[in-house]
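Look at the two complexes coming up: chain A is in both, with chain B in one and chain C in the other.
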Partner chain A sequence: MVYRERLDGRKNNELRPMEAKTKVIPNAQGSASFKIGRTWALAAVYGPREIYPKFLADPKKGILRCHYSMMPFSGSGERIRPGSSRRAQEIAMVMTKALEPVVDLSQYPNSVVDVFVELPQTDAGTRCAAITAASMALADAGIPMKDLVSAVAVGMADDKIIADLTYKEEHINEFNEESKQAVVSDIPIAMIHHTKELTLLQMDGEISKENLMKALKLGQEAIEKVHQVQIAALKEYFKEGSHGN
Partner chain B sequence: MVTNVKAVKELALLDKRLDLRPFTEYRQPIQIETDLSWTAEGSAKVTIGKTVVMAGVKLSLEKPYNDTSDQGGIMINAELLPLSSSEYEPGPPGIKAVELARVTDRGIREAKAIDLKALCIVPGERAWFVTVDIISINDDGNLFDAANLATLAALKVARFPQVDPKTWAIDYKQKTAKYLPLIKEPVSVTIYKIKGKLLVDPLIEEEKSAEARLTVSIDKNSTISALQKGGEGTLTLTEVDTIIDLAIEKAKELRAVLEQVSLP
Partner chain C sequence: MSEILVEERKIVVPGEVLASGLDYVPGENCYREEHQIFSKLLGIVNVSGRVIKVIPLSGPYLPKVGDKIIGRIMDITFSGWRVDTNTAYSAMLNVKDATTRFIKKEEDLSKILAIDDYVIVGIVNVTSQRLIDVSMREPGLKKIQGGRIIEINSQKVPRVIGKKASMITLIKEKTGCEITVGQNGLIWVLGTPEGEVRAERAIKMIEEKSHLSGLTEKIESFLGGNQ
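Entry: the complex of A and B
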């Protein structure tokens, strides 16, 4: 037991401060900004629109296509070369899979709904922030949806099961002399709010089954808080006096 | 998006614009926010009307070029994100992004806005190299002027990261109190020509209807540091004369906005 206090003083189940907003990109059909701590995702939805290349078209339903990209200055180290990477491609794919179950594109055959997510700054949890922002942007665009998807990372740092890990916590064995031997695990999850079904589940690190189930339980509670922030931001637009700009 | 070019041109002949602005007026207010990205050495976001552009500065230590062994360097890159307009597609930068990056780069490089010698640590061995990434967030026209302002503001607030004096390893998470040696702030003003009328700060529809444009980079003393003519149309010498006068006048306005970016 060496990771006694969280580095930023949060409780185990406490998320970093969140900020959400919709309609941040006027050119897009729908858009959202979601900040959690020092991780920031901007999402824009374009479509339903014609799909290129044409052979991707599905005559039965529209296609959801997510794109994920970190801005070149958004990493905590050196500049990231712009352009796609294997990591970005995989995240875009799991994002698409995380959102597909709630999106109904049966009314839009042969078309595509593109979701672009860009991160101006990051401190871990980027795929979760990306999914959370994308879900809000889709709702903002008026795409038919059964529910919202919310996402957060949970995991273990040493013997602590914690929610919303920072970059330092993911690398606690490098930053904390006492925790050199610590085992870390990082589990990003996304969930459909009403049914509590998982649409994203990944893990890096090592964990026992018992702790994994505990972590997922903690994740479910944490996701509820993310959901509240999403809902509040989406409702903001419908408040009296918030129109007209 | 389909633009009604004919309508924009007819309006121009009547000395009118889609949003009823005078030809020589920027959309107001022009806003600059700085240090939005903790991971960048310096960052800024510029909003002009519905146009939003971000810029971020990253620094690295590298070996100077052989022909300028006592200098660091600067590189400016631009990304026109598909997030910012339905007209941009994912993939490597197209010619529009390349031109935007190069015009911004030239305005700053040719004015010697950054003291490149001050970036050198050990001649021939180690110097700071500055990379600025310009990112479009929402393109509603006039990316040139917005990108230039965002770049200058990001450079203005950029601070050097901590360096280990033994290994030269950079600790990007620790910023020092030392700012980049930005000695000049060459502001750029782009003037567009529609049906022979000259106007500033076009909306995207106006940009698409313009016959020609001229970007003029100007420093505090009204010295011109870069020019770039664009569009398939032509400019007469008389028009260039008028454009430069207008650009000098407008640059003062933009400089005043940039000067509000104050350092602690």
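Entry: the complex of A and C
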């Protein structure tokens, strides 16, 4: 058996339906909500503010600090222990690295901009949703940025290159035991829109060189769609007539 | 060959192309890469002559020399006070900049300004590392007594004040309050309790709808209708 059709009936290059909104957390300087299929990320930005602990301060520029956390009930129902874990720390680190190239904090030495991302519901692609939401929240907070960062996962299931994998697709091996060749790979990528530079590129599984290049090309097209959603959401708030103006 | 690719007063997002060609100059919150000019912020486009700039819709306050701000005393040191400026940086208020009176060496500084007092101060110096010196030795700079402090985003301060202070004068007249707006986004309102509440509502309304046109009329009808 090979993976002929996607489990949720999407085309290979089709993303799950996306929904984005800004200013969802009034307490924060900037915030955004980003949903892609069943994955939902909420991002809130605080700062620039005084940095604690003090030894982290950089006298040349402000620093960006990301926090990533999945809510206890966000997975399949198995309780996820709240708070930091090895996985959450790693994702927070890759998020920071994905966003740092665009954020310009040279005007805010010795300060910190905190980005908190919470995921109320998850169905794979959380780090991509987190980066996408965080990028919108930073823009909403009025932090100087060169460009927006958008992220999406691409990958391969059997011999098909597909975009925006769901949790089931990432684990396709488990119900595809007959074909021993079955290979699944999951490649989250983040891209700076204008320069097309990748700021996040990770992979689970295995893939051949040619297929990787094809997957990245597909990813670039997919990211373009995410970027459109981001722009629309950022501008939506200021439209005359929205939210009862 | 140069052309502007966005309309005046349109909302732009970071990384949006504003103009192409070398005839235009990137102003505030813009940058040039090769032959294109990009926005660096979420804001409103403003073109004046050849200069394109983006007016921010939100964002942090950057301390500037000459600005009058409202701060909170957060600590008392040997020679003065440390003032919370509602930014990432605290400011230093020296004794000699706080009062004209002679201060004896052993005098208790908290008698003059205590912790958690609010003060209206002017910024006299900002270093590249954002060490801020403030002073109270100018007319109108004083310790705040009574009334209430409202916090808004510092980028909305120009809208709250209005063209030639038209907006703030309107609110003062309609509510009978004394209002002082700090450039850092803290506003002091002093008046009757009802007046203060109405002034606070009006200011919050301005903050929320600052990107819309015809704001003065909206505020006028809001305040007028309540009287």
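Following the convention adopted for this analysis, the second predicted complex is superposed on the first by the 233 of 245 C-alpha atoms of A that agree within 3 Å, B and C clash if a C-alpha of one lies under 4 Å from a C-alpha of the other, contacts with A are read in each partner's own complex, and residues count from 1 in each chain.
To be clear about the criterion, contacts are C-beta pairs under 8 Å (C-beta built on N, C-alpha and C of every residue); 3 or more make two chains touch, one makes a residue touch a chain.
Because the structure is predicted, anything quoted here is derived from the model rather than measured.
Contacts of A:148 after superposition on the shared chain: chain C is touched, whereas chain B is not.
Once chain A of one complex is fitted onto chain A of the other, the partner contacts of A:224 are absent, as it touches neither chain B nor chain C.
Once chain A of one complex is fitted onto chain A of the other, the partner contacts of A:116 are limited to chain B, with no touch recorded for chain C. With both structures placed on the common chain, the touch criterion links A:102 to chain C but leaves chain B unconnected.
When the two structures are aligned on the shared chain, A:44 is found in touch with chain B, with no touch to chain C. Within the superposed three-chain model, A:77 lies in touch with chain B and out of touch with chain C [touch as defined at top]. Judged by the touch definition given at the top, the superposed model places A:140 against chain C, while chain B stays out of reach. In the superposed model, A:28 makes contact with chain B only, not with chain C.
Common to the chain B and chain C contact sets on chain A are residues 49. Chain A meets chain C in the complex at residues 29-30, 47-51, 59, 62, 102, 104, 107-112, 139-148, 192-194, 230-231, 234-235, 238, 240, 245. Partner chain A is touched in their complex by these residues of chain C: 11, 13-17, 29, 31, 33, 38, 40-43, 56-60, 62, 87-90, 128-130, 153, 155, 209, 211-212.
Listed in rising order, the residues of chain A touching chain B in the complex are 25-28, 38, 40, 42-44, 46, 49, 67, 69, 71-79, 82-84, 114, 116-118, 120-123.
Of all residues in chain B, only 36-41, 43, 50, 52, 54, 56-58, 60, 77, 79, 81-86, 90, 92-93, 131, 133, 135, 137-140, 170, 172-173 touch chain A in the complex they form.
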